[in-house]
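I've put the structures underneath this note.
Two complexes are shown next, each including subunit A; its partner changes from subunit B in the first to subunit C in the second.
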Partner chain A sequence: MRLTSIVKTASLIMATTALGAMALPAMADIKIGSSLSQTGPASFLGDPEAKTLTMLVDELNAAGGINGEKIELVMYDDAADANKARTFATRMVEDDEVVAVIGGSTTGTTMAMIPVFEEAGIPFISLAGAVVIIDPVKKWVFKTPHTDLMACGKIYEDLKKRGLTKVGLISGTGGFGQSMHEQCLSIAGDYGIDIVADETYGPKDADMTPQLTKIGATEGLQAVVNPGFGQGPAIVTRNFAQLNIGVPLYQSHGVASKSFIDLAGEAAEGVRLPASALLVADLLPDSDPQKAVVVGYRDAYEAATGSDVSTFGGHAYDAFKILVAAIERAGSDDPAAIRDEIEKTSGFMGTAGVVNMSATDHLGLDLTAFRMLEIRDGDWTIVAD
Partner chain B sequence: MSEFLQFFFSGITVGAVYALVALGFIIIYNSSGVVNFAQGEFVMLGGMSTVFIHALGAPLFAAALAAILITAAVGVALNKLAIEPARGASVVALIIITIGASIFLRGVAQIVFDKKIHRFPSFSGDAPFEIGGATILPQSLWIIGGALAVFFALYLFFTRTLTGKAVLATANNKLAARLVGINTNFVMTLSFALSAAIGALAGVLVTPVTLTSYDVGIALALKGFAAAILGGMGSPFGALVGGLLVGLIEAMTAGYISSEYKEAVAFLVILVVLFVMPHGIFGRTKLDRV
Partner chain C sequence: MARLSPRAATLIALAAIALLAPLLFPSSFYYRIGALIFINGLSVIGLVILVGFAGQVSLGHAGFAGIGAYTCALAPVHVGLHPALAMVLGAAISAVVAWLVGRPILRLSGHFLAVATLGFGILVYMVLNNESWLTGGPDGIAVADIGLRDLLRDYDIKVTASQLWYWLGAAALLVGAFLALNLQNSPTGRALRSLHDSEVAARTIGIDVARMKLTAFVVSAVYTSVAGSMLAMMNRFVTPDIAGFMHSVELLTMTVLGGAGAVFGGFVGASILTALPQLLTVFEEYENLLLGVIMMLVMIFLREGLVPSIARRLRRGGSK
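Right after this comes the complex of A and B.
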């Protein structure tokens, strides 16, 4: 009992000092907060994101910081746990007094943190995929990755170009697959796409041949789309080749990494998927305005970390660059001024594409941000628009 | 008909994996009364170790063998370091220890290996065989064959060798076994080693088909446990039947009803079976003599 009362007193004192400190003028360093899923089930997102942020902060500070002020990065690992993320969000606002926050590797952690930053009035740039983060628009919340809605749009656009309209869906029941599945259903009508089969699989399932056999037997089937990520899509691709279904297979941007080709092996031949330009940096023509950005980031990341670049780290790159530019333009570290400048971001060329934000669009990307890729001879090729 | 065959092939392939995991549960359960929730981690260790030893340049079969031995050693360590020191604790406490061990093993795997998804080549290529309009991968035959071989070898071990009979005796009555001079501590250690090795073998066989990563064990352990319960906890033959049944029910539901209900139907069947036969299909009713 006594111990708890000591702890209580101590935290009261700490809280008071924290409050007192808040009243003081801004410190010399600009504090940026971040809560990412560096470990746990979403570590493949959080790990490259965290490495990217650390690399960029070091780079910027070595070059003299923003307007002569150094950046201090306060980073937390929420392990994809929404409860932890919310605790860290409160800590960043109350104890660390950050002026802006990058992060939320997953939609779950992002949604848990949003109320904290909305209430405190701290600009928050999320690195998670789902469209609910910025739709409806929230005053303090932005995001950099493409949405699953856009991925469906890109796939449907390509299907229409090939004259294919009767589509079978096989979706993972994980968060990503479920969300994209809903989006794909919701906009199918807009593109004149007819969903003729709709099956699901668990994220850890070992075999999807029953579902694919059923889809394959559907009359008039012209293409199959597989929203999902993790090992599921690789198994679907292998099963799809095993059953020799004989229509085009589309994967989502969720598997846009080299390891997908390794895991799916020869079965991946001919598979198409929407992805950001980062994945095919070298294949872009020199005239492409995005080439310099993606090649620059990739080379820097691979030199700094020794591991392969991923689109997820690219989202962190975009978020950091947008934020730094906004702080520079704002000329102060006042959160409200930074927020206003983030919203004014226009013509920013990031790894995800050109970003033009506005009061009604806190993402700022359009469908051209995606490239349609096809896997040929174990490597990516760009499908001509 | 070809559709039915395709669902059937899928069901028995996945079912064979569940059966191997269920078998691991049963061996440890028989010798100690403990449900070892780290069983799925043995499967993961088998697959992941093979991937990394193979990547170091060892031939696939040598890597697989090394992985099985390493996992067996981990099983022994689990018994010696975590289960044995807690001897005398209630069975529930021991089960909770194994849950802790499974979390620990997953954590270590993330650090020692990595967090990515891996795969190594199939043993006999990826060209599927066509039977009656349905296709089956050569690796699926390896999985089914492997499971059957393990069951046959275990059958011989338990019925033809003295050590095997000692394990059975310990399972039947630990005190009596000790009284007739059976080293029950050794039997416990042996069970963990055996169970870990079988788990690892399952991991080696399935990785080319289902891929592997540090967290692949959780789902497998759940399904394997369900299979063990369905077949009757304690009966190796029940594990085989239970595993195949769960696999087949899942595949048939996904094929004929809807993939949405695949898991629900499997667990519903288990609940119904347990309602009618509380000790599982092949489980024996325990009789207490007064």
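Right after this comes the complex of A and C.
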């Protein structure tokens, strides 16, 4: 008896939820979809992105929406699982009937969703890093973050300026590290950089001394570059200082957050990395055209969420602003019209830099958007160009 | 009324669900969920053979899904094989690998298979993750289109990808269920079930226990490999997560939740664990909590799994 009542109640609850989910009235005027990795291994990307989007939608609706029409944000958590992301992409297109989608926190989820949006003809702005998302150009796909290719370029530029050409690479074997490692190898020649050592470490390794010892022993070594993400680079930085290798160490934009400095401690002194201006908003001179945007976003985000701003949330900010401007210009919520307007985005100042998109460039950022930072006295400083 | 055999009843029920469910679909997104249920169901039927019939536990079955999926991704590019044929190749590779892994292990009794498969699954995941020159690494790899929709379009039949895979998945599930049900009632199936109850007793009546277990393991590996291939072809994209430990656990949970002893139970388990997360997105952050609570309740109150427990209660109620 008890059992039957439990089963009955359970099925009743499930049935009502199902009905409730289906019976939600379509009150919103403009529906924007989003699938982000709010939980799981990439939550450090998805969480600030989701918070940023929620904040911006509330802000926009409070101010009257786009051309008088309110925005409804349909948001799902794919937990960085490509299969789930694909399912949510189908759901957003077939069931929620959104007019545009922001998201895909990781390259894997983004690539899994792309075929759905390409076929349905829904504009899609990805927040993931790898260059494969927009190269080759896909009609309906755009992205806002810098690519790993650009990060390597920025680092190599700085190396050349300092007259350093013999470089050792130590890369993480996670998605970010592998992708950036490949890009760094592919463009080394263009900058006259000679890769003299090339080592890797696993994402959960707790000690990189053997790899660094090998790199340190390489003849003629002038600098070390560490493409990687998460805790690995902090351990590399500590081991690097312990071994006293005595050449400059470069990290990637993947560690551009305050927690990296906290993790690496004193070993982080003198480490350089390319990063967006968001991290050093206060250090920018008032004459800098990006200052107003990055300070504005940072203050709003920190006031709304109470947590530190990160560049990842900034990518969501840029994507949302580009999309809203495109919908405004299109004057309708027709996905094709929105797509055409996104492609015409020019002179947009975002947290990642100036965006000038075109039919052949669905990212539209150049290297000037990146700042070279150096860690001094436990804080970021801008390296003068 | 002539009573249907349980075998026919299960097949008719599955076919009826597949045919009638689309009438209730509010949008074509639900075809995608249906397709996922059928494909997961196929994997789970394989596990029903291993766990339910033979009483062995595998913690690395996602490894076979990974082999099936990546064969479909890689064989068309490197060998020029059509993806559908690559699925057959993947199944063959999975069978050979399962045989090689299972043969030494299954001579031992106890939970050695669980430990060995755990290691095997992690090994497949690591290879897919780290050998990025071949597999694309953690960012995943695209899978060629099977071209069936273009073919249908030539005959003026327009279907969405989700609809196509719904019907392909349903067909595969029915074939899989048919084979599993036949196995269940064959001498091999009876031998498997006897060693599930007592290995010693099975041995005394002359059953080659090690060989039987190995058969069940290889067959279940082929089921999961085919399901992995179908998932890859449907998504046209695959990441190493498909071979991850969590996916293994997910498949095993589906099997146990629905009731490992019955083919239909496997299907019910797959349906619930595939559809429920979609339903629970309404609750946002409480999604995982509710999923966990539902599974715990089933395990506490319906220990044999949903289908056998409920069937038993119904029978008892009816005979009163």
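Miscellaneous remarks
What we mean here is this: the second predicted complex is superposed on the first by the 357 of 385 C-alpha atoms of A that agree within 3 Å, B and C clash if a C-alpha of one lies under 4 Å from a C-alpha of the other, contacts with A are read in each partner's own complex, and residues count from 1 in each chain.
Everything below uses one rule, namely that contacts are C-beta pairs under 8 Å (C-beta built on N, C-alpha and C of every residue); 3 or more make two chains touch, one makes a residue touch a chain.
Note that the structure is a prediction, hence the values are computed from the model and not measured.
Of the two partners, subunit B and subunit C, it is C that touches more residues of subunit A. Look at A:T107: by the touch rule set out above, it reaches subunit C but stays clear of subunit B.
In the superposed pair of complexes, A:S179 makes contact with subunit C only, with no contact to subunit B.
Looking at the shared chain after the overlay, A:A206 reaches subunit B, while subunit C stays out of its contact range.
With both structures placed on the common chain, the touch criterion links A:F44 to subunit B but leaves subunit C unconnected.
After overlaying the two complexes on the shared chain, residue contacts for A:Q231 are found with subunit B alone; subunit C is out of touch. Once chain A of one complex is fitted onto chain A of the other, the partner contacts of A:N356 are absent, as it touches neither subunit B nor subunit C.
Of the two partner chains placed by the overlay, only subunit B lies in contact with A:L263; subunit C stays clear of it. Across the superposed pair, subunit B and subunit C both touch subunit A at residues 39. The touching residues of subunit B, when paired with subunit A in their complex, are 3, 6-7, 9-11, 13-14, 17, 110, 115-119, 126, 128, 135, 137, 206, 209-211, 213, 215-216, 218-220, 251-252, 254-255, 258-260, 262-263.
Contacts from subunit A toward subunit C in the complex involve residues 3-4, 6-7, 10, 14, 17-18, 20-22, 39, 76-77, 81-84, 86-87, 90-91, 93-95, 106-108, 111-112, 114-115, 119, 130, 132, 173-175, 178-179, 182. Per the touch definition, subunit C reaches subunit A in the complex via residues 26-30, 32-33, 36, 129-130, 132, 137-140, 142, 160-162, 231, 235-239, 241-242, 277-282, 284, 287-288, 294, 297, 301-302, 310, 313.
The touching residues of subunit A, when paired with subunit B in their complex, are 39, 41, 43-44, 47, 199-202, 204, 206-207, 209-211, 213-214, 217, 230-231, 234-235, 238, 242-244, 259, 262-263, 265-267.
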